[in-house]
Each structure stands twice: as structure tokens, then as C-alpha cells.
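Common to both upcoming complexes is chain A, partnered first by chain B, then by chain C.
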Partner chain A sequence: MSAETLSGAARAHAERLRGDRLVDWGGMILTIITFGFALMAVFPLYWAVVTSFKSETAVIASGISLWPESFNTEAYEHIWNNTNIGQWYINSLVTSVVITAGVIISSAGCAYALSQLDFPGRRLIYVLILACFMVPMQALIINHFVLMAQFRLLNTWAGIILPQLIVPVTIIVYKQFFDNVPREFREAAQMDSAGHFRTLFRIYMPMNWGVTAALSIITFIGAWNSFLWPFLAATGEATMTVPVGITQVKDAYGIVYAKLMASAVMAGLPVALLFLIFQRRVTQAVMLSAGVKG
Partner chain B sequence: MADIVLKDVSKSYGQVEVLDRVNMHIKSGEFIVFLGPSGCGKSTLLRMIAGLEAVNDGEIHIGERRVDQLPPNQRGVAMVFQNYALYPHMTVRQNMSFGLENIGTDKAEVSRRVEAAAGTLEIEQLLDRRPAQLSGGQRQRVAIGRAIVREPQAFLLDEPLSNLDAGLRVRTRVELAQLHQRIATTMIFVTHDQTEAMTLASRIVVMNNRKIEQIGTPMEVYSRPASRFVAAFVGSPSMNFLPVQALEDAAGRVIVKAGGVSIPTTLAMSAAPKSSGDLTLGVRPEALRVAEDGEVNGRVSLVERLGDRTLVHVTLPDGTEVVGEDIGKSTLEAGRDVSLKVEGSEIHLFDADGVAYHAD
Partner chain C sequence: MIRDKRSEYLAALVLVGPFIVIYGLLFVWPTIQMIALSFTDAPLIGPGEWVGFENYIDILNHRLFRNAAWNTVYFVVLTVVPNTLISLAIAMAVNRLKGWQQGFVMACFFLPYILPVSVVYLIWNWIIDVQYGLIQYVVRPFNGGEPMSLTRTIPFFMPTVAAVTIWWTLGFNVLLFIAGLRNISPEIYEAASLDSAGRWRQFRRITWPLVWPVTALVLTIQLIAQLKIFDQIYLFSIGGRQDPTIVMVQYIYKLAFQQNKGGEGAAAATILFAIIIILSVLQFQALRARGQK
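Entry: the complex of A and B
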């Protein structure tokens, strides 16, 4: 093989490599697919927001209008002035905050006991919690309803909150994180005269702040968006949460799409903002908490 | 400061016995080192004194109090863990003051003790840092500082040097010895490193297979090991062991005979094992020196030059390998014939059960 042939082959190889670097076909296809899925996810949200700024006449006009001819805040004004949305916000906020705090504190305490303490029946309790994880809320909803009715807690914040405090998955996640904390930290806390509650709240929880942040946000979003149980537990407008309350908008005005979309946007806005603000924190927190550094 | 007394302390996990009737009296202010191989029960014993492991049988007394039923924080001891267990989300100051805050110590007193301990350990400039911002040696000091602020009756240290690199380990070892001299509080230190044990201890507790093999000063343990295990475990390089027969000379002293070589000793026949069968001669490398008039002949298989001395690995005619010593500037090389002189006053005999008999 001559030197000329060799250099020709090498040049062709280099060009091929350069060509591969210029056009990454695999990456391009994956990007297109991802973009397609993103579009599918975002479009309904976009459509809801755009519709909420249209007049009712523009909404029912023939043809597809991807952008309103004029921005109209009439739907929002109507929702704000003619419904109890202010009260629904308060109800949602109170119940979601209490549910989040309750779930985090009770789950962390339960997980600490299951992970760190040695007591009879510990394994059985954990198996039962795992079993509860497999039972959906819907399967227990009648029991919850009867129980809350017997306690006369329907149409109260407590009635909305109590059944939603049962979140086995949070206990399981916490237990896994607590299991990974080297036992020397608990022993050091013992030597430092810290009781179990102090050890949990001063050592274990801060050492796993990432998972606490992530679980808090996820629990809050879940509680805010929760529909079925608040729908059953709160029949009076005074105790309705936002997702339940917006069904009243539909009932009161028939199919009024702009107002319906405006109420949906108002219902989802706090949660969307929360997620946008903490999105990076949630991801980062879970990654950080995956390994506890000593 | 207080004495620590262990009476018939036993520990088992189910059917597995970890410690079997351990007895010990640690005097106030002593630096005691628990030395032994992995799995011998030394860390478990330390944890039992700390209160982190339950005692199945026996009693532990610290000072005048029986403490084996008390929780760790009521025993008056402080512990330094192998991985230090510094709370990662707290600053050094918070780590050191956490224990005092938990018992409701006055804030000014907490601050005074933290500053004093930081001064003793020269870590004042680190007080506002978090553990992740500290080097291994600094973390180790903080862990000791956390123990010091509690002003305990005894410090319990579970292999605290094992996470440090070789150089830092030596420096920290010296600092630990100096710290003990300054604060003069009882320290119990667990290690499997016999150099640490020899350099730090007032007394060494050599443990093996659930039991205490010997308690003694470093030189007692080194020069007069109670058993073959102790003789083999303490000292680097390890003691040489040769199967021998014991004979008596005209003066009533033992002559050991191995491979056709007779070695006179200063061990009285009356103090020697009664049975002359299954005897083992133990001799440390420094008592087996290269000399032209040596009794033991062999061929050099390996030479290790340590600077101040040279370790000479010698193969005897029967194939046994022994390690002897030569001067630092030894010219010996592998393959050469060599004679080794045995220092008869430094030999040890071990019977079939491993019990030691020492030359005077």
C-alpha cells in the first residue's frame, strides 16, 4: 500500500469523523421526539391560558385561533367577583399546608422508629405499611367518609385533612434514607444526651433535608390538586378547596369555556409557580440526599 | 476521673459468644489500649463500657457507681468514633456544644468550654466551619474536642486514627499522647495497630478470641508475652517460632535443641514446661543477630534494609524461615551463607497450649 493511498484513507476517515461530529443524527432524532412530547404536554396548558383570555364569543367562533385577537380579562374578573374563590384558596392553602406538615412529621417519626429503634413487631408494622402502599385511596374512600361522618367532621378542614395524612410512600422513602445514615450518628447523639425526638429533628431530618424538601413539595402539590376526597368531604361552598370549587363555576354558568379555563388557570397557578421555583431544588435535593456525607 | 472496673463481663449475640467473662481494673488517669485482631471483641467491649451495647452478664463500675444498666449519657464517658460522626449540617462550634445544650448547660458556660477545648486542640480558627470543610486530621481534633467539652470521667476512642494517612497518623498519635499528659483523664483506646498500642499505652490489654490474653505495660507485653498469640501479635517483624526440645545443662538451666543445634538459655529448668514434648522456641529478630560465631547456620533468602538496622530472612537447613537482624550497613545479600547468634536471655518457650515461659 502506497503512502499516497494511506493518506487518502486517513483523509476519508477524518472527513467521516468530522461529518459525524457536524450532524449527530441520533441526537437530532431524540431531540425531535422529546420536543414532540414536550409540545403534547404543554399545548393543553397553552390552550387553557389562551382560552381564558378570550371572550366567550371568540371561544365558540368557528376555526382554530391559537392567539386571542384581543386579551380579555373578563373571565378572571367574573370568577373573582362572582365565586368564593378567595375562600377556596384559603381552604386549599390551610389544608395543603397542614397535610404537608402532618405527613412530613408523622412519616419521619414513623420511619425513624422503623429504621433506628428495635422493638417487637417492627418488621410486621413495616410490612403492613408496604401493604397499605398497595391499596389506593379510592378503595378506602367509603370507609373514610363513614368515619368522618361519624366524627361529624364532614364540611370541616379536619375532615378534609385527616384521611389525607395517610401516605405510606413517604414513610418508605424516609426509612430508606434513614437506613443509610451511619449508626454512629445516632450513637453520637445518644452520647450527647439527645433523646429520640431531638435526634430525629436535630440530626436525622437536617441530614436528609433534601428528601424532606422534595417530599414536602410533592406532598403539597398532591394535597393542593387532590380532588376526590375533598369533593366528598366538602359539600358546602365555605369548606371547598379550589379544585372542588371550580366545578361550581361549571354548574353555575353551563359550558362557559373562557370562565372555566380562567378558574382552572387560577386553581393551578400556585402549584405551577411552586414547582417552577423549586423545580431545580427538588431534583438537586433528591440527588444530594442519595448519599449522606459525613 | 475515676477507676473503671469490669467484673465477669460477657456478651453474646444469640448463640454467638463475643466476650467471655472479661475482668479488668483500669486505674484513674491511665491510657489503656485494647489491642487485638479484627473480631476479637475489643470494639464491643468499648461499646459496652460506653453503654452502646447491652451487657449480657457481669458488672461495669465507673468510679463508685455501677453503670452497666445506665444509658450512655449517664455514664460520665465521652466517645470518639472511628469515622468521627461529626454532624455534617452543624458547624464545629455547634458540634461541640450540642451535647452541653441537650443537658441544659448555661450558654455562657457552653461557650467557655467550647473556647477552652478549641484552645487546647488549637482549632479556634475552625469553629465556624462545617465538617466537610475540614481535613481528616482537623475532623479528628474536632471529634476529640466534642468529647473534651463534656468533661468526662473517661474518654473512649474507637480506632480514631485509622482514617488518617500514615504521616498524619504519626503526628496525631504524638498529639494524643501529649493531650493525655495535659488533661490526665482516663483514656481507653481501641486499635489493631500494635505500634499505636506500644507508643500510647500506659497498659495494653491484648485480646483474642473473646478473651483477654494479657494486660501489661507495653514492655511487659513485648518482653514477657503471656502466650504465643501475644508473642506473635505484638512486635514487627513478628517473633520467630521454632519447634524445639528442652534439655537441662549442668547448672540446671534449659538448653533448647533444634535441628541439631543446641542453644543455651538462662531459663531455669524448674521454671520450664514440665513436658518437653511439643515445645516451641520463640525468639525476636533482635535476639537473633548475624555473627560469625553464631550457633544457627542458614542461607540468606531476603534482605530488608531499614536504615538503622537490616532484617535478614534466613532459611535454615530443615527449610524453616527465620528473621534475624544485622547492622544498618550490612553487606549481606540473598544467597549467602550466614550464622545467627541467639541471645539466650531473650528466648521464650511455649508449651502445647501456647503458655509462655521466659528466660530471666
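Entry: the complex of A and C
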């Protein structure tokens, strides 16, 4: 080895050391910037919560006060007492739970059949799922509305629920997981002469309960948050869901931001809590639905 | 053996039954009905006469339709690429953090995505309020000391709603990008830093090409999602002039639900339907082509 290459290697080594020191400083600044942006991203949510605990006069006082002088729950009491929000909560809860149960059960059954059984019409079902992926549900609002009107289901829970039962991605995710269940499990179950339903509910579902949990949470959040269809299907205040109902508060009271923020917090809190408690499941479900492995 | 087959068919029928009923009744049937309705002069609810392609011709000559088509494209331009680039930058910044720091920062960026659109609307409508909104502290110096309504000033409407939409949805994209970044082996970066490649070169030569499949996925998911935009645009335009900022789904809504023109609404819906299907098929083909490579 010549002296030249040796000194070259030494120089590279020294450069790398210097590089490492630079990375440390740069890294620290980058971390601080990242935290700064993260706090900026949640700041609107913080600001909404703070506003909701102020009195209406404090809200429009000049200057920025990042902390309420006294925690004032007047806005919440007002929303609770003067709107149908109690009823909206019940509507949202019932419709979201039924949608979640319906989507999970029908998807798991369909996915099991596609994954484990041989029957005529399998290809047709594939085509249907794939087509459904591509079709914008927003284009079908008119005919969903006509159909629900024909069934006399407008302004009912069933009318809000039915068109939202279409979530093809859940079937695809379940099928992927059922495909990966080792064959021996199914064969063992059949030796026990367990029927397909027992095999599904005693083996396949329990083995994949994590996926079921993740998909249930994300389906529930999606149903709770959905706006366009409930907005069309529920025109009476008594049948509105929370996200639709809170957009009606404004018309009734003019500029009352503490009350509006209280209604926003009340509408967002259930899903925000679900996310904060089940963060891992939610992110897992989002990635599974997008077809990305986490 | 034949008994076995028959029991398998029966089990399949029962398991697939709910799917068939739901998708047949609420997907296949409405789709057929939409196309049929688009060739009639029917109101939203009630019978109508066959009018051939008249609705399509009317709509394509409608100023409002061109407005809606243009605004939808404009909204796509304002959101899709900026959102993707911002999300990639955030994902790279989040990805180098560890432990609680990463969890905390990720939660901050993702939390807005989990909220209902009407909550997002209410919060931002308060922040941009013309009299008392926080944003006016930023707007006033640029507007000669005067406050300005960002959603009632037509040229600012789309950019404002686009910015709110990016804030709302970027958590989703960040999540996908982080998954993509984690799949890049750290050894590649180690080798690159041994070659004393700078940060920018590492990004250009390693990160960008290797994360490109995720970038393409994020771009297409957003493109299709934003073509179906309605909620935010509609909510922010309540109480203002809606026509200058109308988008495609809002146009369908207006025709069918506000003007009671079911046939024309269905024709507009069919046009949107066709555009999105064509794009989706192209996307699907592109993904498949990549999968085969």
C-alpha cells in the first residue's frame, strides 16, 4: 500500500469525523424544526379547544390569549341544552356501529369464501370489487337518494346506513390475511368435521383478530366522519349525525365562536380519543387499506 | 365427493350472500339507474321522458359546468403535488426521530386527518374569520392594514381551502411515506456516507428513486380523491357566492338537489364517473406494469 492511498484514506476518515459532528448539530436543529412544525400542525386544534372554554366576550376581546382566564363551560352547556346534539350523538353512534358491524361481517364472510372456497361466480365477484374500487360513490348520490326515497328510508337510520355499507377495501385486506393462514389449520378443522362457518369463526377470525380490530376502528371512524351522504339523507334535525348537525349551529346563532368551537370539540372528540387510544391500530389499518405494508 | 362440493357451494352462497345483496342493490343497480336517468328529463324524484343525449349536450354548453370542471382541475393542481412534496419532507424529518419523539410528532401531524370535515371547517372558519380570526394578524400587513375575508374574496377561496385540505390530509401521506422510507435498507445510506455523499446527493440518488413507488401511489390516490372533492368547498362557500367556486360534485348536487333536475344531474354524474374510471384504470394498469417489472 503506497503512502498516497494511506493519506487519502486518512483524509476521508477525518472528513467523515467532521461530517459526523456536522450531522449532530444539523440533526439537533432539524429535530427542533420538526417539533416546531408538529406543534404548528396541532395548534389549530389547541386553539379550538381553548376558544371553546372562553366566554363569548373573551373570544372577541383584542389580543391573543393562549389560555382562558377562567375555564368557562358555558358554551358546552349551551350547545348541549339548545341543540339536538344528544340525539345527533345517538344517531351517529347507532349508524356508525351498525355500518362497522355490517361491513366487517359481510367482508369477512366474502373474503373467506374467495380465499378458501371454490365456487362458480368467483371471478364475477372479483370484477365487482375491483369496479367498486374505481367508481366514485359521490357520483351515485342521486340514485342512492332516489332508491332510499323509494324505500321510504330518507331521514331514517337505515337510510343513512345502507349506502355506506360499501367498503370494498375491507374484503381485499381480509382476503390477503386469510390467504396467509396455513392450510394445516383448515385441514385440521375439517378432520374434526367442523363446517366452514365454524372454521371461519373459530379459527380464521380469532387468528386475525388484530386485523379485525384495526379494520373495525377505521371503519367506525370513517362512518362517524362521513359527511356527504348523511347530509343528503338526513334533512330533519332529529335524524342528523353529529358532523352534519354541527354545521347547522351557526345559522341559528350568528357569530358565536366559543359555542361553535364547543360543538366542533364535541363532534371530533370521540374519533380523536379513538385515535389516541388505538394509535397503532389506526395507522396499521390506514396503511393496509392503502396497500402499503407497515 | 359430490355432497362435499354441494356443501361447499352452499357455504359459499351463504358467506357471499350479504356481499351480493349489498353490492347489487347499492352499487350495481344505482350505477345502471344513473346512466338510464341521464338520458331522461326526469326531476330528482319521479318519472321522465327519454331525451337522448340532450342532457349531455346541454351540460357541456353550460357555463357552470365548465366552471366546475375548471375549478376541480384547479383544486387538484393546488393540492396534489404540494401535499405530496410537503408530506415527503415531513416523513423524512419524522423518520429520523426515534422513540417517543417520533410517536409524538407523528401523532401531531396525523391527528387532524382523523377529524370529521365539518370540524375542520369550523376550526378554520374561526381562524380565518374576517373580524376576530388569528389569520388576520398575518393578512392585515399585506392588505394595507385592512382585514380581509379569505373565503369571500374569490381569488383566495381555492388556495385557502386547498391549504386547509393539505393541513387536514397530509398525515395520511406522511404515514405512507414513512412506511416507504423504512423499507430502504440503512446499509445503502452507510455506503453512501462512506463515499462522503452529501445530504442532497443522498436524497437525489437514493431516497427519491427508492421511495418513488410510494410517491406514485400517494399522487394517484390524491388525484382521484380530489377529483371527488365536495365537502370542504361546499362548507366554506355557505353564505357566500357559490357559483364562482363550484366543483364537479357540487355541480351534480346543485343540479339534482337544488334545481330538481335529476336527468341533468345524472348526466353530470355520469361524466364524472367516466373520467374517474378512466383514470383509475390507467392507474391500475400502471401499478400492474410496475409490479411485473
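Criterion: the second predicted complex is superposed on the first by the 244 of 294 C-alpha atoms of A that agree within 3 Å, B and C clash if a C-alpha of one lies under 4 Å from a C-alpha of the other, contacts with A are read in each partner's own complex, and residues count from 1 in each chain.
Here is the rule we use: a contact is a pair of C-beta atoms (placed from the backbone, for glycine too) under 8 Å apart; a residue touches a chain by one contact, two chains touch by 3 or more.
Remember, predicted model here, so these are calculated numbers, not experimental data.
After overlaying the two complexes on the shared chain, residue contacts for A:127 are found with neither chain B nor chain C.
Taking chain B and chain C in turn and counting the residues of chain A each one touches, the greater count comes from C. In the superposed pair of complexes, A:207 makes contact with chain B only, with no contact to chain C.
When both complexes are overlaid on chain A, the residue A:32 reaches neither chain B nor chain C.
Within the superposed three-chain model, A:188 lies in touch with chain B and out of touch with chain C [touch as defined at top]. By the touch criterion stated above, A:243 is placed in contact with chain C alone, chain B being left untouched. Of the two partner chains, chain B is the only one that A:198 touches; chain C does not reach it. Taken together, the two complexes place residues 292-294 of chain A in contact with chain B and also with chain C. By the touch criterion given at the top, residues 50-52, 71-73, 77-79, 81-89, 98-99, 102-103, 131-132, 146 of chain B touch chain A in their complex. Residue ranges on chain C touching chain A, taken from their complex, read 7-9, 11-20, 22-23, 25-31, 33-34, 37, 44-45, 90, 93-94, 96-97, 101, 103-112, 114-119, 121-127, 129, 131-132, 134, 137, 167, 172, 175-176, 179-180, 193-194, 196, 214, 217, 221, 224, 227-228, 230-231, 235, 238, 249, 252-253, 256-257, 262, 265-266, 269-270, 272-273, 276-277, 280-281, 284.
Across the complex, chain A meets chain C through its residues 12, 15-16, 19, 27, 30-31, 33-35, 37-39, 41-42, 44-45, 47-48, 51, 59-60, 64, 102, 105-107, 109-110, 112-114, 117-121, 125, 128, 130, 132-136, 138-147, 149, 162-163, 165-166, 171, 195-197, 200, 221, 224-225, 227-228, 232, 242-244, 246-247, 255, 257, 260-261, 263-264, 267-268, 271-272, 274-276, 279, 282-283, 286-287, 290-294.
Within the complex formed with chain B, the residues of chain A that make contact are 182, 184-185, 187-188, 190-194, 198, 202-203, 206-207, 209, 292-294.
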